[in-house]
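Next come two complexes built around chain A: one with chain B, the other with chain C.
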Partner chain A sequence: MRSAFWRVLGLASCLAVANFLAPPAPAQEKDKVFKLGIVTFTSGPGAESFGTPGWNAAKRLIEAFNRGGELPAPYDKIGFGGRKVEVSVIDESGGTTKQVQELRNAFDRDNFDAIIGYISSSNCLAAAPVAEEMKKLLILFDCGTPRIFEDREYQYVFRNSSHATMDNVAIVRYLQKRKIKLATAAGINPDYAYGRDNWKDFIQSLQKVLGTKTGSELWPKFGAGQYGTEISALLQTNPSIIHTSLWGGDLQAFILQAAPRGLFKNRLVAIMAGDHVLHPLGKRMPEGVIIGARGVGGPFAKQSALNDWLVASTQKHEPGVLPSQAHYRMTQSVLGLKSAVEKAMAANGNKRPTTEQIAAALRGLEWDTPSGKIKMALGNGHQAIQANAIGVTKWDQKLNRMIVTDVEVFAAECVNPPAGIKSEDWIAQGFPGAKCD
Partner chain B sequence: MSSRYAIPLLAALTLVILVVLGKLLPAWCVFLLVTAFAKGLAALGLVLIIRSGLLSFGQGLFYCAGGYGAGLFMLWGGVHDAALLVLAGGLVALVLGAVIAPLLAGYRSIFFATLTLALSMLAHGALTKADFLGGSDGLNLRPPSFIGFQPANSTESVYALYVFACILVVVFSLACRVHFNSVRGLLSLAVRDNEIRVEYLGSSVRRVISENFTAAAFLGGIGGALNAIAVAHIDPELAFWTTSGEFVFVAILSGYLSVAAVFASSIALEFIRSFSSQYFPNAWQMSLGIFMLASILFLPNGIGGLLQRRKKRMKGNKPA
Partner chain C sequence: MQLASTILIDGLIDASWIFIVAVGLTLIFGVLNILNIAHGNFYAIGAYVAANAVGIYYSGSNPPMLGLLAMTGAALAAAIVLGPLLERGLLRFFYHRDEIVLVLVTYALFLILEDATKLIWGVNPYYAYEPYSLFGNVNVGRMNYVGYDFFLIGLAVFIGIVLWLGLNRTRSGKVVLAVIHDREMSSAAGVNVTKIFVIAFTIGVFLAALAGAFTAPKISVQPGLAVMVVLLSFAVVVIGGLGSIEGAAIASLIVGLSRALAIHLAPWAELFIVYLVMAMMLAVRPQGIFAPTALRKI
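Moving on, here comes the complex of A and B:
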C-alpha cells in the first residue's frame, strides 16, 4: 500500500518535472496565437453570480472571434488582428498568496500574452504590482475599489470598466433627479471593504446632495445567509430608503427573507448592483426596487448591433438568461483588449505588437461595447469610466420577466470623478467638475 | 567526523545546494519555493507545539502578525531592508506570543486548539474592520532591498528573495534541530508522554508549553513577514482559519520527527496545488483533499516518520 502511494507520488512528480522541462513550443507556433488567461471565480460564493457568467462571456466572445465575422464592425476581424486567441481559465479562489503565485505561473510558465481578471478587490490590489514588476499586460475586469489607480501609477495594468464610486453616486443622482423626498437612510452592507466603501460613498453623496439623515448601519457577515435580525432592526427604525450592496446568494437570501415581512412596502430599497439576481429570483423579486447594474448593461442595455449579438449568444447557450453585470463587464474588457491589440498592430506595420505597444494603444483608448462607450479617462488613461443607469423593477406580463422602468442614464463624466482627484475627495468636495446634462 | 559538526556542516551544504538550484530553476518555480518556505517556517513553529502533544489551530494569528508587522514597518517606518523587516515581523509575533502563551499554557487538547483558533479569528475580524489598514482589501507593500542591494528586474528580485528565504530556512531549521536534540527539546516529548512525570522530575510543564508556544509564534511571524515581502500584499486572510488549517496540514504531513520533512511537505503542498489548479481549474480543491486523505491513510507518521524509519533500518542492518 505504502509503496503504491510513493509510486503514484513519484509518477505525479515526474509528470510535473516533465511539464516544465518540456521544450517550449516552437517560436513560430507561439507567434500564431494570442494566449489569453481569464482569472475568475470557478468555485466559492462568487462563482454563480459573477465568476461563471464572466468566464462564459469571455469564452463565447473568443470563440466568435476565432470563427471571425460574427460580431459587427469593428470587431469582425478574426481573433486579435488575425491571430487566433487561445483562452483558458484560472480559478480566483484561494486568497492573495495563491493568486500572486498563479499570476507569476501564468506569465512565466504558461506564457500568457495577457490576463483579464479578478472580481475581488483584494486580489486586484495584490495582482496589479506583480504584473507591473513582470512587465506583463493585466486587465482588471470587475473589482470595485478605486484605490488601485488612485494610490499608484501603472504602465502595464488597466481596468476596462468603471470603479465602484459611480454605482453609488448614480443612485443619489437618481433620487435627486426624480425629486424623491427622504427623511432618513439606512444601509445593510456586507462586512468587508467592498460593503464599507459602497456605504461610505452612498451616504456621503446623499448627505451632500439631499441632506438626508443617517439611520441605522447594519453589517451582516459576508455569506451570512440569514438576515432575520437585520430585517427586524430595519423595520423598527423605519428609514425612508435602504441602501444595499449585498450580492449573489446573500442578496437573493436577503430579498427572499425581507419581502414577506414587508420591508419593500412603503419604503425605497436601492440595490447598487441588482441586475444579476433578476433572473434567478424571477417573480419573487419585488417590484418598485431601485437597482443599478454597474454600467448601462443587463436590463438597461440600449439596443445596438453589439448588444443584440451579446443577448443572442447568451440565450443560445443559456436559454431564458439575459446577460448581466459580469457578462457586460467581461465583454467590454475583452473588446477593449482586442481594439488595443489591433490598433497597436496597425501602428506596428501589421506585425505582432509587443506588450509595451499594446499597453500604449490601450492607454486613453475609447471603444464601443454592448454597455456603451468606454473611455480610459482616469489613472493616466489606465482606468475606464462609463455611463451608468438606474431604474425601478417592474414585472412584465408579456415578456414574463422583471424589467426596469423610470430609467435614468447618467453620462460617465456625471457620475465618475475627473482625472487627478481621489473619489473620496471628489464626493467630500461636492462633485467638482461633474458634467451632467 | 564528530556528530557535533555533522549537523551544521549538513546545513551549510544544504544552503549551497539550494542556492545553486535556484539559479537553475525557472523564476515561477523559485517564487513558488519562496512561498513554500514562508509557510514551512510557520509550520515548523507549529511542529514545536505538536511535539509537546498540543495542536494549535491559530498559527495564522502569528503569520498575520508577522506579515502586518513587517508590512507596516515598511509603509510607516520607511524601512525596505528585507532582513530588518523579517526581524520586525518576527519580533511583533514573538511579543504577541509571549503575552498569549501563559494564558493558553493551562489548556490541553481541543480547548487549546479552539482557543488558538478563536484568537486568530478575533484578529481577522478586527483587521477586517480596520479601515485605516485597508480593511479586508489589505495593503500593498513595495519591493524590498537586500542589505543595500536593490534588484533591477523581476527575475533578479525573485532570486534575491529566494536566497534570503533559503538562509532563513537553513538557520531556523538548524536552530530547531539543535533544540530538538537538547534536553529542553526532549522535555517537550516527555510532556507529550506523561505530564505528571515531567513535573515530578522538577520541570514545569506550563513553562515548556509557554516557551514552545512563544518560539512557535516567532517562527510564524518570520514566515508571515517573508510571505508579506514576497507577495507584496497583506490582508486579514493571513489570520483566517484556512491559513492556520494549511499549517496544520503541512505539520501533519511532515510529522514531528524531522525538520527537513516540514519543508518537503510545504513544497509538496504548494506544487500539488499549483499543478492541480493548472490542470483542473474546476476541481483543484478536490485534488488537494484526495492528497490529504491519501497522506493520512498511508503515511500516518508523516514524511518525517518515513525518513526516521529508513535511518533506523540502516542502523539495524549494521553488524553489532
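Moving on, here comes the complex of A and C:
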C-alpha cells in the first residue's frame, strides 16, 4: 500500500516537473492564431437537430476562412483579420453545473479567445454570468430565452441571433394578417426555461391581438419521447390552435405519434422554429402546419451570394441536406465575431485587439448573413434582432420534399421589442413602438 | 365517461410501455443483484437494431405483419451478442466487490455504450415507422387511437405471463428463483450459478432491447434515448420492489395511471407525479410493494 502511494506520488511529481520545464508557447505563435471554442450538443437528444449541424457549420466556415477568399466580401480575408482560427468543440451535454465548469476550464486552462455556444436556455442563463465574471468573450448562438439581456446587463456576453419572443410574436402576427379566428389555444411545450418562455410569449400575444382564450397547457419533460396521453388530452379539449416549442427528437416523436391520431386535422398547429424537422421527417411531416425558423433562414432563406455559399457548402459535406436554423444561427454568430475582430483590429492599428476592444466592436454592430441583416439592437447593443418569416408546410411533388408556402416576412422591428423594454412588458402593453410596415 | 375511459386507456398504454422497459431491469437485479444503470443503453441499442431491421425488411416485398418478427429477431440478436459478452467480459469481475462498485461499473458502461452507439449509428435519426400503421386506428368513443398501442398492451401482458410462468412453473425457473434467494446455497446444491447469471443477464438485455425495438416505430431513433428510460425504470423498480416481476407490473400500472390522471386533470403535476408516487412508497414501504422476503442467515 505504502509503495503504491510513493509510486503515485513519484509519477505526479515527474509530471509536475515536466510540465514546469516544458517551454511555454512563444508569444508570437500564440498571437498568430485566434482560439475559438464552440459549445454545442455533440451527444444526447440535442445533437441531431441542432448540435451537430451547428458544429458542422462552424467548422466548415472556419476552414473556409483559413483558406481565405472563398466567401463573398467582406468575409473573404484569411481567418480573423489575417490570423488563422483554431476551432474546437466542447460537448454541451451534462447539465448546467458541468457547463459552468467547462466554461471556466475553456478560458482558464485552454485559453480560448472567445466561446460561441449553447443551445439550451438553461445553459445560457448559467454560463453568461460566469463569462462576465471572468471578463471573457462569450457569444450565445442558439438559446431562445429572452431573459438573458432583459434581466441584467453584460459587457462581455453577446447573442448574435434573435431570442424566441419573435418566433411567437411573428406567428401571432401571421394569424392576424391571414385573418384567422381562434376560439381557444392549447400548448404542449418542454418543461424548462425555453418552453415556459415560449408559451408565455405566445399566449399573451394571442390574447392581446386576437382575444383567444387559453386552453390546456401541457409540460412534458425534455426528452420524454412518449406523448400518447398528451395527444389524448389535446384531442379531448379540442382547441382551435395548438402551440408547441418541442424541438429535435422530441418534436419528431410528437409529430410521428400525433399525425396518425388526427391531431393535425381540423385544427391549426403552430410549431415555433420547427424547420429543422422538415428534412428528416419528409413525407411524415403533415401539411398545413404553421412553422418558422427564427429568422429568414432554412426553407425561408432568400437568394444571396452568402446563402448560395452556405447551401453549397452544406450540400457538399452533407449530401441531400438543406441547411436549417442551426446552420444559419451558427453561421451568423461566427460572421458577427469575424466582423467584430476585424473592426477592432482596424481600430487598433491592425494589431491584435484585446477582448475589451472586440466587445466594443461587436456592441451595436450590424452585419450581413445568409439569413439577412443582423443588428445588435437590444440589451445595450449585446442582443441581436433580425427579420422573421412564417409559412405553412406543403409537400412539393416535383422537389420531392416538404416546402413552406403562404410565407410572410416580418421586419425585425415588427416582431422584436424596442430597446429598453422587456419582451413580457412589450407584449402586455400591446407592442408599443413596433414597426410593421 | 369519455374522460374516464380516455384516462384509463392512456394509463394502460403508458403502463404497458413502462412495464416492457422496466421488467428487464428488475430481473437483472433479482438474479445478479446489480442495479444496472446501462439498462437504458440496451433499450437504445434495441431501437437502433430494430430500425435497421425494419429498414431492410420493408424495403422488400415481405408480408408486413412479419416485420414484427424482424424487430424481435433484431432485439434477440443484440441481446445474444451483448449479454454474454458484458456479463462474462466485465461484470463477473466485480461480483465479489461492494454493490456500489457494481453501480459505478454499470455507470461507466452506460457512458461507454452511449458513445459506442453514436460511433456505430451516428447522430442522424433513424425511422422505423412502417409497423406503427400495421394495426390501423381504433376509435373509443370520440377518441382516436393507433392500433399499435393496443398491440403493445398485449405484448406487455404476454411478456409478463411468460416471465411469471417461466419463473414459477418450470424447473429452470425454480432454479433461477433458488439463485435469487440464496446463490451460495444454490451453488452448494450443484446449481451452475455462472450459467444462470449469463442467461438471466442476457434475458434482461433482451427485454430492454425488445422494449426499444417496439418503441422505435413511434419515435425518431437518435442519441439520448437511454437516460429517460433509466430514470423511469428505476422509479418503477423502486415502487414495485427490487427484483419482483409482479411488483414491476403493478408499479407500471400505478405510474401509467398516475401520469394519465395528472396530464388530463392537473398537467402541472405531470413532471413530478412519478417521483411523488416513488417518494410516498419509500416513506410507507421502503422495500416496495412486492419485495421478496429477505432471508436471515444464522
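As a convention for this text, the second predicted complex is superposed on the first by the 414 of 437 C-alpha atoms of A that agree within 3 Å, B and C clash if a C-alpha of one lies under 4 Å from a C-alpha of the other, contacts with A are read in each partner's own complex, and residues count from 1 in each chain.
Operating definition for what follows: a contact is a pair of C-beta atoms (placed from the backbone, for glycine too) under 8 Å apart; a residue touches a chain by one contact, two chains touch by 3 or more.
Every value quoted in this text rests on a predicted model; they were computed, and no experiment measured them.
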So in the superposed three-chain picture, is A:Gln176 touching just chain B, just chain C, both, or none of them (first/second/both/neither)?
neither
So, does A:Ser43 touch the first partner chain B, the second partner chain C, both, or neither?
both
By the touch definition at the top of the document, which applies to A:Ser304: first (chain B), second (chain C), both, or neither?
neither
Which superposed partner A:Asp91 touches (first chain B, second chain C, both, neither):
first
Touching A:Asn348 in the superposition: chain B (first), chain C (second), both, neither?
neither
Check the residue A:Gln257 against both partner chains and state whether it touches chain B (first), chain C (second), both, or neither.
second
Just to be sure I read the superposition right, which of the two partners does A:Asp191 touch: chain B = first, chain C = second, or both, or neither?
both
A:Gln155 contacts which: chain B (first), chain C (second), both, neither?
neither
Per-residue touch tally on chain A - higher for chain B or for chain C:
B
Which partner does A:Thr214 contact after superposing on A: first (chain B), second (chain C), both, neither?
neither
Intersected contact list for chain A, partners chain B and chain C 42-43, 191
Contact residues on chain B for chain A in the complex?
26-29, 31-32, 35, 128-129, 131, 134-138, 140, 143, 154, 157, 227, 230-233, 235, 237, 240, 242-243, 270-275, 277-278, 281-282, 284-285, 294-295, 298-299
Contacting residues of chain A [partner chain C, same complex]
42-48, 51-52, 191, 216-221, 223-226, 228-230, 232-233, 235-236, 248-249, 252-253, 256-257, 260-262, 280-281, 284
Seen from chain C, its contact residues with chain A in the complex are 2-3, 6, 9-11, 13-14, 17, 114-115, 118, 123-125, 127, 129, 132-133, 137, 142-146, 149, 215, 218-220, 222-225, 227-228, 259-260, 263-264, 267-268, 270-271
In the complex formed with chain B, which residues of chain A make contact?
1-2, 4-5, 8, 12-13, 16, 19-20, 42-43, 88-91, 93-98, 100-102, 104-105, 107-110, 121-122, 125-126, 128-130, 133-135, 145, 147, 151-152, 191-194, 196
